[in-house]
Structure formats: structure tokens, C-alpha cells
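The same chain A turns up in both complexes below, where it pairs with chain B and then with chain C.
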Partner chain A sequence: MSDITTWICTGCALLCEDIQVYAANGQIEKVEHACMMGKARVTGCKHTAKPMVDHTEVTIDKAISKAVHILKNADNPVLYGWGNSTSQAQIAGIELARVLNAVIDSTSSFCQGITINEILQGHMPSCTLEEVREKADVILYWGADPMSSHPRHLSKYSYFPRGDMRQHGYEEDRKAIAIDVRQSRTAKICKDMFYRIPPGSDLEFMKALLDALDGKVPKLSFDMDIKRLLELATLLKQCEFGVIFAGLGLVYSIKEDIQILSGLISKLNELSNFSLIPMVGHFNMRGFNHNLFNETGYIHSVKFTDKGPLSGVEYSIIEQLKGNADAMLIIGSDPLASLPGALLEQIENIPLILIDPCENLTTRAADVTIPCKASGIEEGGTAYRMDGEIIELSPFIQSNGMSDEMIIQRIIKEID
Partner chain B sequence: MAVDIGKFIKAPEYNVTIVTYRDVFQSAVCEEDRLSSEYQDLSAVIILDAAQMKHMGIVEGSNVRLTSKHGSVVVKTRASQQEEQKNIGFMVNSPWSNALVSIDTSDGFPGYKHIEVTIAVSKDEITSQR
Partner chain C sequence: MTSAMEIYQLLPKTNCKECNESTCMAFAVALLSGSRQYTECPPLIKDDKFHNSRIKLEEILKPIQGAEETGLIVHEELCSGCGNCVVACPVNVANDPHGSGRGFGPTNDKVIFRVIDGKVKAANIEECRRFGKNRIMCNACIDPCPTEAIEFV
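Moving on to the complex of A and B:
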């Protein structure tokens, strides 16, 4: 007889709360409602991590002691990852960075941190996914392909549902628009509302759109029918509740001019009603930004000092690995797979401590591996959904291991 | 003994900008086992416009070497099912695309999204994960 659990999925930052997991004797037999990524997350990785020091299996106590030794002897340790950890583990990690006078950062310093900062600083209005579901009539996916990155985004919230104010659903009540360099799965759903632009031309397109919203004749250096741009401007002006889902394609194109995105939202709000939601990837990547902001006033790339926390690009993970970092604690991340290859030599040349439920590419280079429970599956806590809503995660598998939070707390205790 | 003259002739190189993207199938396999051959099969691939592949003399499914200022990898080719912009190739985010990424930036953002490379037909095996 299977036990049925309703699970909040940690496969991505949508944190879908309606996943049905059937388990018997601690084994998962069936998963319902989850996307491919969510199902893979709950089913678990094939190769679980083991406590290791210098590629030899040890007790978890020895692995933690070795990690403490490395961190205490480092002049510039960097604590990196955090997007797959609960807020409780992240807050413990921030405390560890404070104790060590370390740098702490996540992928958000080269990802959605820039848009989340605009929202947290009050420069850009945002809204909840429930508001999108119930009210949104114009949905703009810009440099984003949620059908690939957040597979239930359109069906659960942004396009297909019949919301309170959108009872005729996508057939009549909603318009979905994609602006992208490729005809992604999402762009295919948007059909004739797909605007294909050349790589790196988002800024030019945005300026042209602003001109069109101002009633000027827009100009583009690339081939696109200006009438289509004018039609887009008209649609955005006439909407009742619009939302822009900003993907990394957009972020990377306008990162030096992020204020123009805030300017576009401001202009749209003079004419209609628009919000922005960043397409955050890892299930609690946004939580790291909120929790660090609450603790330090900064959202990423923070260096703790005796005089207090500092933040700047020089404390980003990329700049630290180019220069100062002399030890790295990695939590819930696989930098050997996900960071640029040009940094791999630098990463492998410093002591690495890896805290993760699974083996990954970084395991092969790690001096210390400390296995932890899978957050949201074996360990509870809270996480920030992609729209900034706090969601309570409940574990449904009992295991005897340590959570990442417990491991960080142990490290803090042994360092003191 | 016959001499394979072909191996002394350098394959023509073309300039391509790689745009990276996410793929749900590859992401799911990444969750399960990112050290697997299935992950490699879904990752070590570049998608190109079919007509441009023909112009470049690249046969679908053949191996190509991609070289940037920052690294070089061999991946498999696939023709896009739709017409694409010229001189653009698409790769899913993975260690293979990351091997080509620039860190010559000063804003903390590596050049993940648009990667300038040369592409040339290659007889080498697909580059394996380290």
C-alpha cells in the first residue's frame, strides 16, 4: 500500500505545490503532476555523494573536520552555490561567511541578481504568479523559454489557466508574446506574436519599442516589419494587467543598461499596468538574494570584513576565482560543469569543499565531499519562489543524514 | 601504400556565434546523472541552419571542432528544423559550451550567451567531460 504525499517540487523556482508522490517502504513508486525536471528531482540522482577526503571515503565527522581545517587556514575563502539550499541553510551560510570574513556569492551575480536588485530596491514593480494566473491578459516572455526552463509555467500560471478575470483563457482572454533570438518552444506557442531579433539586439529593440510607445516612428537596424513593432506597442498600451517574464537572454543583453528596462516598465505603467518577474532558475536562488539583503543590504557578491560587509563586482564568484580565492566551499552546485572552462584550472588549484546530496563533476576535483540531505525532500525549510513568495517545504522521506544547514552549523561551531 | 592526402588538408573554418539555451530533456538527465553518456549526447551538440550547414560542407550528425579564444571542443552537429539566422549556432548550456566561454569581462558576467567561435569539420571524437 503506497503512502500518497502532496509535495512542493524543488525542481525549479516555480515550486509547484501540487505534486503527488506515491511511496512505499521509502521507495518512490509513482509521481503525478510533475514535469520531467521535477520528476527527476524527486526520484533522485543515480550517484549519491559519500563523505570523502582526498578521494578516500571517511566518516562524515572527519570530512567536516577537514573542511574546518581548510577554511580556518584560508586567507580568502569563498562560499558559493546556495540556490539549491533552504533559506535556513542560506542564513547559516551567511553567518559562516561572517565568522570567516569570507566572500559569499551565488550564481545570481551572473544571472538574475540584476533584476532582483531592481525589484528589491523598489525600481521595478513585480507581482505574484497567482495575480498573473487570475488577472494577466498580456504576457511577454523576453529572452525566456519557460517551456524548457520552467515547464509548468504556462500551464499553471501564465498562459493556459482560466483565471478569475480571464475566464475565456488563452483562446480569447490572453495574449502571449515572445521576444527571442530563436524560435523556442515558448515562441512556438506564441505563434505570430513571436518577435525574432538578432543576438544582442534586445537593447535596440527596447529603445525602438519605447519610441513606439511614445508615438514616434521606431527605427531598427535589422530586418523587421515596423508595423509589427507598432502593433506590439498598441497591445502593451491597451492591456489591463501585463507582465514581463525576463529571461537570461534579456538580462545578458541589457546588463549594462538595466535602467532602460526599469524605464520601459515605468513608461508602460504610465499607459497601462505592468509588472516584471525574473525567470529565476534554481529553486531558492531568489531566497539567497533576499536573505543576504536582509542580513547585509546587498544581494550578492559580499565580502565580510571586521568593519562590516562590502559588496562589489570584485567580490563576485567570477572575479574572485580570477584572483583572490584560496579556498572554496561549494554548496548545492557543480562549478566544474557550470562555470566557464577558462576558470577550471583556478578552481582545481585551490582546496575545494563540496556539500551536495549527489556526485557531480566537481566531486572529482573536491578535496572534501560532505553529503547532505536533499532539501525539500529529506529536509524541510522555506524557499522564495521566483516571484518572491515564501513557500514552506515539507520533507516526505525520512533519512538519517545531515541537512546542509546542520553541516554549516557544525562547521561554525568547530571554527569557534 | 596509399597515402590519405585528406588528413593533411585543413578543413575550412567558418565564423559562428553560439547562442546558448536551456533544454528540458537535458535538464532532466542532468538531475538524474550528469556524468552519463545520455547527458553527453544531449549536450555536446550544435544546431545550425540546414542550408548553412550544406554551404559549410557539414553533414548532419558529423563531428565539428568549435574553437574560441578560450577553449576548443568537438561536438556533434544537428540541422535545425526551422530556418535560422545566418552564422548563428545553438548549444544547450553544458560543460561543452562552457569550455568556450570568455572570462575577459569585468562585470562578473562571463560571456555565456553569445560565444564567438570558428567551426570546422573534425574527425576527432566528441570531447569527453573532464
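Moving on to the complex of A and C:
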């Protein structure tokens, strides 16, 4: 007889709460309603990480002691990752950074940080995914391909479901629009509402759209029928509840010109009603920004000093990897697999500590590996969904290991 | 999607009637519907000159063998488990309005589509709008599939 558990999936930042896991004798037999990413997450590691120091297996106590030794003797340690950690582990990590006067950062310093900052500073309106499901009639995916990155996004929240105010769902009540440089899987679903733009031309398109919204004749340097742009402007003006899902394609393209995106949202809100939700990837990537913001007033790239926390581009992981870092603690991230090779040369020259449930590419380069429980599977806690809602995670596997929060707390204790 | 003409081109095209069908084209249509096997064509099996045709037929008829009575095939290797078909299928919505219809996983066993182990599975196929006397050419599950993992043959 199988035990059936309702699980909150930590496969991505959608945190789907309706997953049914069937298990018998500690073995997972079946997973219902989860997409392939969720299924892979619940199935766990291909190879679980082991406590290692200098590529030799040791006890977890020795691995933690070695990590403490490295961090204590570093002048400029960097604590990086946090996207796959619970909020409790992130808050402990911020405390560790404070104790060490360290730099703490996540992937958000080079991806969704700028949009989340605008939302947290109150410069850009946002909404919840439930509001999107119940009310949204115009959904704009800009530089985002949720069909590949968050497979249940369209079916669970944004396009296909019938909502309280959208009883006919996608057939009649909703319009999905994609703006992208290629015909992604999401763009295919949007059919003739797909606007293909050349790479790097998001700002130009945005300015042309602002002109169209103002009733001016828009100009574009690339080949696109202006009538289609005017049609888009009319659709955005007439909507009752619109939402823009901003993907990395948009964020990378607009770079520091975030005020133009804020201007577009403001303009749209003068004419109709629009919100923005960043397409956050890892399950608690947004949580890091919220927790750090609550603790320091900054959302990423923070350096703790005796005079208080500082923030700036020089404290981002990118700049730190160019030379300042003299030790790194990586948690719930695999930078060797995800960051460009040129940035990673420095990693080989500095002591590297990795806290992760699984073996990955970074494990091979790590001087110290400390295995932890898988967050949301073996260990509970809370996480921030992509729309900023706090979700309570429900672990369903009992294990004897240490959670990432416990490991960080132990390091803090041993440093003191 | 495989057509009857595509299958016909691989048959002997002699209308010999050894398979008890009136023409090779009729046999091709029967192969497409899944009611006959290509091994029931004696010249195709006996004559070595049709060796390549047999290999090609084996390949193109393989998905049809797994088809449901409505002709529904789910290519699991292409499916990402997104659940678009689960929420879009009108039968799922009618039979489970507060589950599938609202974007959640199905809450009862009356639905056609549900995602199991990251792949969509079809059941209750007799409920499909393409089935039975009053069938219609519904394509509500095919249209929202971004990977073309669902097809009807």
C-alpha cells in the first residue's frame, strides 16, 4: 500500500502545491501532476554528495571544521548561491556574512535583481499568480520562455486555466503575447501574437511601443509591420488586467535602462491596468533578495563591514570572481556548470567550500564538500515564489543528515 | 503525420487481392487505421525486393500500433509534462471543473489526460470527443502542445 503525500514542488520558482507523491517502503513509486523538472527534483540526486576535504572522504565534522578554518583565515570570503536554499538557511547565511565581514551574493546580481529591486522599492506594480489566474486577460511574455523554463506556468496560472473572471480561459477570455528573438515554445502557443525582434533591440521596441501608446507613429530600424505594433498598443490599452512576465532575455537586453521598463509600466497603468512579475528560476531565488533586503536594505551584492553593510557592483559575484575573492562558500548552486568559463579561472586559485545535497561539476573543484539535506524534500522551511508570495515547504522524506541551515549555524558557532 | 498515400507507395501496388482487400490502397487505409498488419500482404513478405519497404513500413507504422481507439498517440519522449493538454481538454474541464479546469492536477478519475512521472498519460479514451457516433474533429489537446507530443492518426 502506497503512502500518498501532497508535496510542494521545488523544481522551479512556481512552487506548485498540488503534486501527489506515492511512496512505499521509503521508495517513490509514482509522482502525479509534476512536470519533468519537478519529477527530476523529487527523484533526487543521481549521486549524493559525500563529506570531502581535498577530494578525500572524511566525516562531516571534519569537513565543517576545515570550512571554518578556511573562512576564518580569509580576508575577503564570498558567500554565493542561495537560490535552492530555504529562507531560514538564507537568513543564517546573511548572519554568517555579518560575522565574517564577507561578501554575500546570488545569481540575481546578473539576472532578475534589477526587476525585483524595482518591485521591492515600490517603483513597479506586481501581483500574485493567483490574481493572474483569476483576472488576467492580457499576458505578455517578454524575453521569457516559460514553456521551457517553468513548464506549468501557462497551464497552472497564466494562460490556459479558467479563472473567476476568465471563465472561458484561453479560448475567449485571454490573449497571450510573446516578444522574443526566436520562436520559442511559448511563442508557438502565442501564434500570431508573437513579435519577433532582433537580439538586443528590446529597448528600441519598448520606445516604439511607448510612442504607439502615446498615439504617435512609431519607428523601428528593423523589419516589422508598424500596423502590428499599433495593434499591440491597442490591445494593451484595452485590457482589464494585464501582466508582463519579464524574462532574462528582456533583463539582459535592457541592462541598466530599467527606468524605461518602469516608464512603460507607468504608461500602461495610466491607460489600463498592468503588473510585472519577474520570471525567477530557482525555487527560492527571489527569497534571497527579500531576506537580504529585510536585513540590510539591499537585495544583492552586499559586503558587510564593521561600519555596516555596503552594496555595489564591485561586490557582485562577477566582480569578485575577477580577483578580490580569496575564499568562496557556494551553497545550492553549481557555478562551474552555469557561469562562463573565463570567470571561473579564479575559482581554481582560491579555497572553495561547497554545500549541496548532490555531486555536481563544482564538487570536482571544491576543496571542501559538505552534504546537506535537499530543501523542500528532506527539510522544510519557507520559500518565496516567483511573485513574492511566501510558501511553506513540506518535506516528505525522513533523513538523518544536516540541513543547509544547520550547517551554516554550526559554522557560525565554530567561528565564534 | 503518416498518410495512406505514403503507406501505399511502399506496398507492391499490384492490387493482387491476396490480402482479401480489393486494392493495395484499401490495404494501406486498413494499415493506417490499425485494423491490419503489413505482414498480411504475402508478396511484401515473400519478395526480397521489398526488403527496404518492409523496414520503412515497420518504422512509420510503429506509432500507429500504440494508438488508442480514437487514433490518439502520445509521444512520451517529446512530452515535458507541462499539463497544457490536461487543462485545455474540454472533457477534462467538464468532468473536473475545479481541478483540471482551474489549472490544478486532476482531482478525479474521469479525466482523459493526467501527468504521471513527468509525462502525460491518456485514459477514459471513450470520453474523447473524437470517439463514438457523434464524434467531432476536436484538437484541443494538440493545439496547445508546444512539443507536438500529441497527435491523432
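Note that in this section the second predicted complex is superposed on the first by the 416 of 416 C-alpha atoms of A that agree within 3 Å, B and C clash if a C-alpha of one lies under 4 Å from a C-alpha of the other, contacts with A are read in each partner's own complex, and residues count from 1 in each chain.
Rule of thumb we're sticking to: contacts are C-beta pairs under 8 Å (C-beta built on N, C-alpha and C of every residue); 3 or more make two chains touch, one makes a residue touch a chain.
Only a predicted model underlies this, so the values are computations on that prediction, with no experimental measurement involved.
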item	value
Touching partner for A:T186 - first (chain B), second (chain C), both, neither	second
Chain A residues touched - chain C or chain B, whichever exceeds	B
First (chain B), second (chain C), both or neither touched by A:F160	second
Which superposed partner A:K39 touches (first chain B, second chain C, both, neither)	both
Partner chain in contact with A:P151 - chain B first, chain C second, else both or neither	both
Contacts of A:Q20 with chain B and chain C, given as first, second, both or neither	second
Which of chain B and chain C A:R286 touches, first, second, both or neither	neither
Touching partner for A:L339 - first (chain B), second (chain C), both, neither	first
Doubly contacted residues of chain A, that is, touched by chain B and again by chain C	35-37, 39-40, 147-148, 151, 185
Chain A contact footprint on chain C (complex, rising order)	79-84, 86-88, 93, 97, 101-106, 114-119, 144, 146-147
Complex contact set, residues of chain B against chain A	17, 19, 21-25, 27-29, 31-36, 70-71, 82, 84-85, 88, 90, 93-95, 98-103, 105-114, 129-130
Touching residues on chain A, where the partner in the complex is chain C	18-20, 30-40, 133, 147-148, 151-152, 154-157, 160-163, 169-170, 185-186, 188-189
Of chain A, residues touching chain B in the complex	11, 35-37, 39-41, 43, 45-47, 109-110, 145, 147-149, 151, 181-185, 196, 198-200, 248-249, 252-253, 255-256, 301, 313, 316-319, 322, 334, 336-344, 359-361, 364
